[in-house]
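Each of the next two complexes has chain A plus one other chain: chain B in the first, chain C in the second.
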Partner chain A sequence: MITQKIVDPDYLFFQSERSKMFITGSEAVSEAIKRANVDMAIAYPITPQSESMHLVGDLYAEGYLKDYFRGENEFSVMSAVAGAAMGGVRVFTATGGPGTMRAFEMFPTWAGARLPVVCAFFTRGVNSPLTIQPDTIEMAYMLDTGIMIFHAENAQDLYDMLLKAFVIAEQPEVHIPVGVFADGFFVTHTRDEVSTAPADLKLPAYDPYSSPVPVMDMNNVPLRQMRDPFVMKSNFISYAAHASWQQEVAAAAQRARRYIDHYLGGLVESENPGADIMIVASGTAVSQGRAAIIAAAGEGIDVGLLKIKCLRPFPTEEIKALTRHCKAIIVPEFNRIGWLAREIKAVVEDNSKVVDGPRVFGGMTMPTEMILESIRRCSA
Partner chain B sequence: MKSDLWQISPGFEEVMPAEYRELVDNGPFGKKLGVADMGTFKELLEEHPLCAGCGLALSLRLTLIALPNPEDTIIVGATGCSSLAFPQVSVHNIHSLFGNQNAVATGLKRALSLRFPGQVKDVVVIAGDGATCDIGLEAVVHSWFRGEKLATIMLDNEAYANTGGQESGMSRIGTVLNMAPQGKKFSKVNFPEIAKAAGCAYVAVAEPSRPKRLEQAVRRAILVAREIGPAYVQLFTPCPTNYKFKPSETLSLIKKREQEGVFQTMEYLSPEAEAYIKQIEEAKR
Partner chain C sequence: MAIPQYRVLPGPEGYLPPAAAGMGVILPRKKDEALVEGAIVTREEAMEKAAEKLLSAKKPYIFPGPLVLWNWKEGVAEKAQAIIALAKAANAGIIPMPDYRPKYPMINPAVEINPNHPNLTIWHNKIDVCVFVGVHCHYANVALKIIRGGTDCYTIAFCAEMGHEDAMISFREMGLAEIKQLTDLITRKKGESR
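Right after this comes the complex of A and B.
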C-alpha cells in the first residue's frame, strides 16, 4: 500500500525539498503523475508516447492510481477520459501525432463540456508516407480547439507543467482541459536533469463538486440535467446559447492567466529582452535558440530570447511588449508551416520584422548553425 | 442518491417548473414502479419532440419506465433521433458525440465505481442502430470484450433517421433508402449474435408492442450488467417518417414482420446470468 501525504499545491511546487533525477521525458511524466493524485489513467500505444503510459501503468500496478486500462483507439480513449471526468474523477492520458488526429473530434467537446482533463501530447509527424519522427505540425490543428496549451522545452518543464496543469485546469473559474505538449523523441527519449518534489507527497484530491457544471453521478441536483444540453433548434435562442457558450469557454482560458502566472511564472519567459534581435520560440526550438544565442555572443552579436510556455491562452500582450523595441524576431520551428510565426505576426505591431523560420521538419534536427545564420543576416 | 436530494428547498416550490414539482411529488424515484403502473405516476420523459407514431419514442418511454433504479441511473446517449428527446429526460444523461457512447460510458462507469464503492450506479447506454452498429461499433464491441459493466440498448429503426433516412448496417437487404439508391446490398447485421460472441452475459431482442417483455429485457439487462457483465438489448423501433407508413401502423408493422418470419424476439442468458436472475426473481416472489 502506497502512503503519500497530501500537501498544498504551493508547498509541493515551491517549498518542498527538491532532489535531482537524471531521467527521460517519459520518466518525467511518470514522476509528475506519481505526485498528482490521479484517480484513473487510460492508455493507447503510439510512438513516441507509449513509454510514458507504460510507466503510468506501472504506477497503477504499484498502487498510485486506482484504475488504468488500455482503450481500443485514441478516439475511444479520449471519450472514456471524458466519461471519467464527467463522473467526477481526476484522469490522465497521453497521445501524439496520428493519435492526436484520430482523437481530434473529442478535444473541442472536452473544452465545451468544461472537463479539467490533463493530456500529454508528444508530437510527431502526421504526413504520408508514414513517419514517426519529431514534428510539431499537430499543434497547429490543436490551437483553436478550446483547450489550454502548454509547450514544454525539456523534461523539467514537462514534469512541472503536467503537475501544475491539474491545479490550473481544476480551478472552478477555469475548469477546462490542458494539453501539455512536448516534442517527441527530443524530450521523451533523451535524459536530462529534473528537479522533483519528494515522492511521498501528492496534490489534494479533485473535488468533483467544485465543477461549474453538474457531475453526472445522480448524487447532485438538478435531476433533469443533460451534459451537455442538446441545443439544436433553428432559432435565435439556440444560436445565442451556442455563441455565448463558446465565448464562456474562451473566457475560462483567459481566467486561467493568473493561475498560469502564479504556478508557471508567466505565459512567457525572457532573457536579455532589450536586445535588437529576439528569438521567439516554444518547445525544444527554445533550447536550440539558447545555443545559437551563445554562439552569436561569441561573434559579438547580442540576441535576446522569448520563450513561450503557454500558447493558449496566447500571450499577446507579453509578446507585444517584449518585442516592441527589437529590430528582428526570429522564429525557429520544427514544422513545415510555421504556425508559431503566423501567431506572432498576427500580434506584433510591425510584422515585417518577423523572420519566418528557420524551420526543419520530417524528423530533422535543427543545427544551431541554421539559427545562427538567421541571426547573422538580421545583424548585417 | 439520497431521497432528500430531489426535494425542493422550502420557499422554492413556486419558482420550480410545474413538471419538476410533479416529478418530486409523483415521480418514480425510489418507488420500484413499472409499465403496469403507467398513467399513475410522473414519468422520466417529459413529452418529446419526435414524430407522430415514432417507435423509438415509445420504446424510449418504456425503457425509462423499466429502469430498476432510476434514482441511481446515468444514461449515455449518442447523436440521433433519441438525442432530441434526452434533454427532456429526468435522470443525469450525457450526449457526447456520435459513436463514442460506449467509450464515454466505460469511463463514467469506472469513475462512479471508484467514487461510490458498493453502491448501485447503473450506467445505461441508449443509442440508435447507426450509432451502435456502424460508427460506434469499435467502442461498443470493445466495451464488451473488456467486460465493462454496462447495459447497451440499441433503438433499432433500421436507418439513420435523424439525418433523413439513410441506410444503416441494421437496414434489411434490398431496402431502398438514401445512400442505397438501388436497395441495400448486404444483410441486416446479426448484432445479437455479435453481442453473444463478444462476451455479453445477457442479450435480448424486444419490441414495444409487448411492453412487459420489453420491460423484462431492459430490467434483466441492467441487473446483469450491475453484477455479472455486459448486457445488450435490441429494440425494434420502426420509423414511420423514413419508411413511409402511417404513424398509426407502427405496432401493427412489428406484428406483420413477425408473422412473415422476418422479425423475432429472443433472449439469451449466460449460465451465470441465468442463475443470478433466477435468484433475484425468486427472492421477489
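Right after this comes the complex of A and C.
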C-alpha cells in the first residue's frame, strides 16, 4: 500500500496547500479517490463513466485501495457495494444512464440499510431511442430513493463533492448514501483546471463502530446476523415499524444539512441575488446560465444566479428566500421533463413566476442564446 | 401561516407521528448540550429534568441495548455497572433489548423489548418513563417514534453519538462519567425529598 498521511478533513479541504491540475472530470474522480482513504471499489463499465472507474482501478494497482474488482453488471456491483458497506469498509463505485436504471433497486436499499456508500453518477440518456449522449433525466428517478444527491457543475465540484461526500455520509447521525452526479461528457470528457490537495494526504479511515446500525463483523454486537429481514407481515405493527424506519431514513438526510453547509458551503450558491430575474439551475446548466447572464448584462438586463449544489436534501428554505423578491425564475435543464422546474414550483411562494425551461435533451448542447432569449422575454 | 415549533411530548400522538428531525428539531452541536422536548438546553438542565422524571415515575424502566449488554469492547462493562447503579438509584426496572430481530407476535413483553414493536413491552408493563441506552441509533429512533405514537411513556435517550430528536430527553456523547453524574444527582434529590 502507498503511504499517505492521515489528516483532519477540515485540513485536507480548507487548509492544505493546493495545486492546480488541468484534468478531465474522470481524472478528477481519480484524484478525489486517491485522497479519500477508500478501502474498496467495485466497477462495471458504461459510457460515459467507464474511464473514471478504470482510473480508480489504476489507483488499486498503485496501492491506494485495498481491493478492487469488476462486477457482473450494475445490479451486481451495487449489491456487492452494499455488502462491502455492511461489512464496515469505505466503498466507492460509479455508473450512469442505463447503468443507473439497471441497478435501481439497490439505491433505496442502500438508504434503507443506512449504508454510507458514495457513488458517482455520470448522467446520459436512458430513454428510447437509446443514446449515450448527455441528458440528466435519470436524476428525476433518483430523487426519492432516500440517497443524498449532489450535482457537480464542473470537474472542480466533482473532485470536492466526492471527497466531502464520504465525510458527510459517514456522520453517525446521517449515515446514508451520497450520489455525486455530474453531466456525462460535458464534465467527464472535458479538461478543466482543478485545485487539489497534496496527494500524500488522505482522509481518516471510516469508523464502522459508530454506525447507527450494527456493522456485520463478528467482533460487533449483537454477534450474529444483524440485518434480519424486516417486519413484513400484514398487520399494523409491521406497517408502523416500516413507516418509522422510512421516516428515520428521511430524517437522516435532514441531519446532513449542517455538514453540507460546513463542507460544501451550503446547499446553494447565489450570485447577484437581488436581481428581478433569477436563473435557478444545477449541474452544467449553471455554467450555461452564467454565460447567459454575462450576455444579458451586455444588453443592460440585470440577472441573478442560484446554483443548486444539493438536491437531496432539497434547499427549500434557501430557494424560497432567494427567489421571494424576483419577478421571474428561469430554469434551464438538460432533460425533456423538467424535473428541476417541478421541484422549484413546489417550493416557491408564487410558482406562476417559474419559467419552464429552456430545455435540451437527447445529447444536445444548450446554446447560451436559448437562455438569453428567455431572459429577454422575462424582461420585456 | 407560521407553524409553531414542534415539541416532542409524550403521546399517544396518533396513527403516524412524524420524525422530529423532519419537523425542525435539530440535534445539539455542542457536547455540553442536550434536547428536552425538542428544545436545546444545557446538559445540566436536561439532567435535572431526567432526574425529576425518573423519580416521579410510577414504573420507570431502563432498556439497555446490545452495545451495553455484551462486553464487546473496553469500557463497556464499567458502563453496564453504572447503568445498574442508576437503575437502583432511580428504583427503575431493567428490560433488555438484546437484538433487533422483529419478534412479533412471539415476544414475551415481560422480559424483553424490541425496536420494531416497543409499545407492546411498554403497554404490558405499564411503563411511564423509560431510558434507552446502548441501542444503535437507527433502531433507537425507529422505536422512539413508535413509542410516541402509541403510548404515553416519557422517553429518555442516552446516546454515545449525537443524540435522538425523537426522545423527549436526549443526551449526546453520554459516557460513563455522565451516567454516574446523573446517578449522583438522583441520589442527591432522593435525599433532599426525605
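Note that the second predicted complex is superposed on the first by the 374 of 380 C-alpha atoms of A that agree within 3 Å, B and C clash if a C-alpha of one lies under 4 Å from a C-alpha of the other, contacts with A are read in each partner's own complex, and residues count from 1 in each chain.
FYI, contacts are C-beta pairs under 8 Å (C-beta built on N, C-alpha and C of every residue); 3 or more make two chains touch, one makes a residue touch a chain.
Keep in mind that this is a model prediction, so the values were computed, not measured.
> Is A:173 contacted by the first partner chain B, the second partner chain C, both or neither?
second
> Touching A:254, do we find chain B (first), chain C (second), both, or neither?
Only chain C; A:254 stays clear of chain B.
> Output check: A:80 vs chain B and chain C. Expected answer is one of first, second, both, neither. What do you get?
first
> Between chain B (first) and chain C (second), which, if any, makes contact with A:241: first, second, both or neither?
second
> For A:141, using the defined touch cut-off, is the partner it touches chain B, chain C, both, or neither? Pick first, second, both or neither.
Touch partners of A:141: none, neither chain B nor chain C.
> Looking at the overlay, what does A:221 touch: chain B (first), chain C (second), both, or neither?
In the superposed model, A:221 contacts both chain B and chain C.
> Which residues form the common part of the chain A surface touched by chain B and by chain C?
Comparing the two interfaces on chain A, one with chain B and one with chain C, the shared residues are 214, 219-224, 226, 228, 230.
> Inside the complex, what are the residues of chain A that reach chain B?
39-40, 42, 66-67, 69, 71-73, 75-77, 79-89, 91, 105-106, 109, 113, 208, 214, 216-230, 232
> What does chain C use to touch chain A in their complex?
16, 18-22, 26-27, 29, 66-67, 69-70, 72-73, 98-102, 104, 115-117, 120, 136-139, 141-143, 145-146, 149-150, 161-163, 165
> Inside the complex, what are the residues of chain A that reach chain C?
Per the touch definition, chain A meets chain C at residues 114, 171-173, 175, 209-214, 219-224, 226, 228, 230-231, 233, 235, 237-238, 240-241, 243-245, 247-248, 250-252, 254-255, 258.
> Show which residues of chain B lie in contact with chain A when the two form their complex.
Against chain A, the touching part of chain B is residues 1-2, 5-6, 20, 23, 29, 46, 71-74, 76, 83-84, 86-97, 100, 103-112, 114-116, 121, 138-139, 142, 146.
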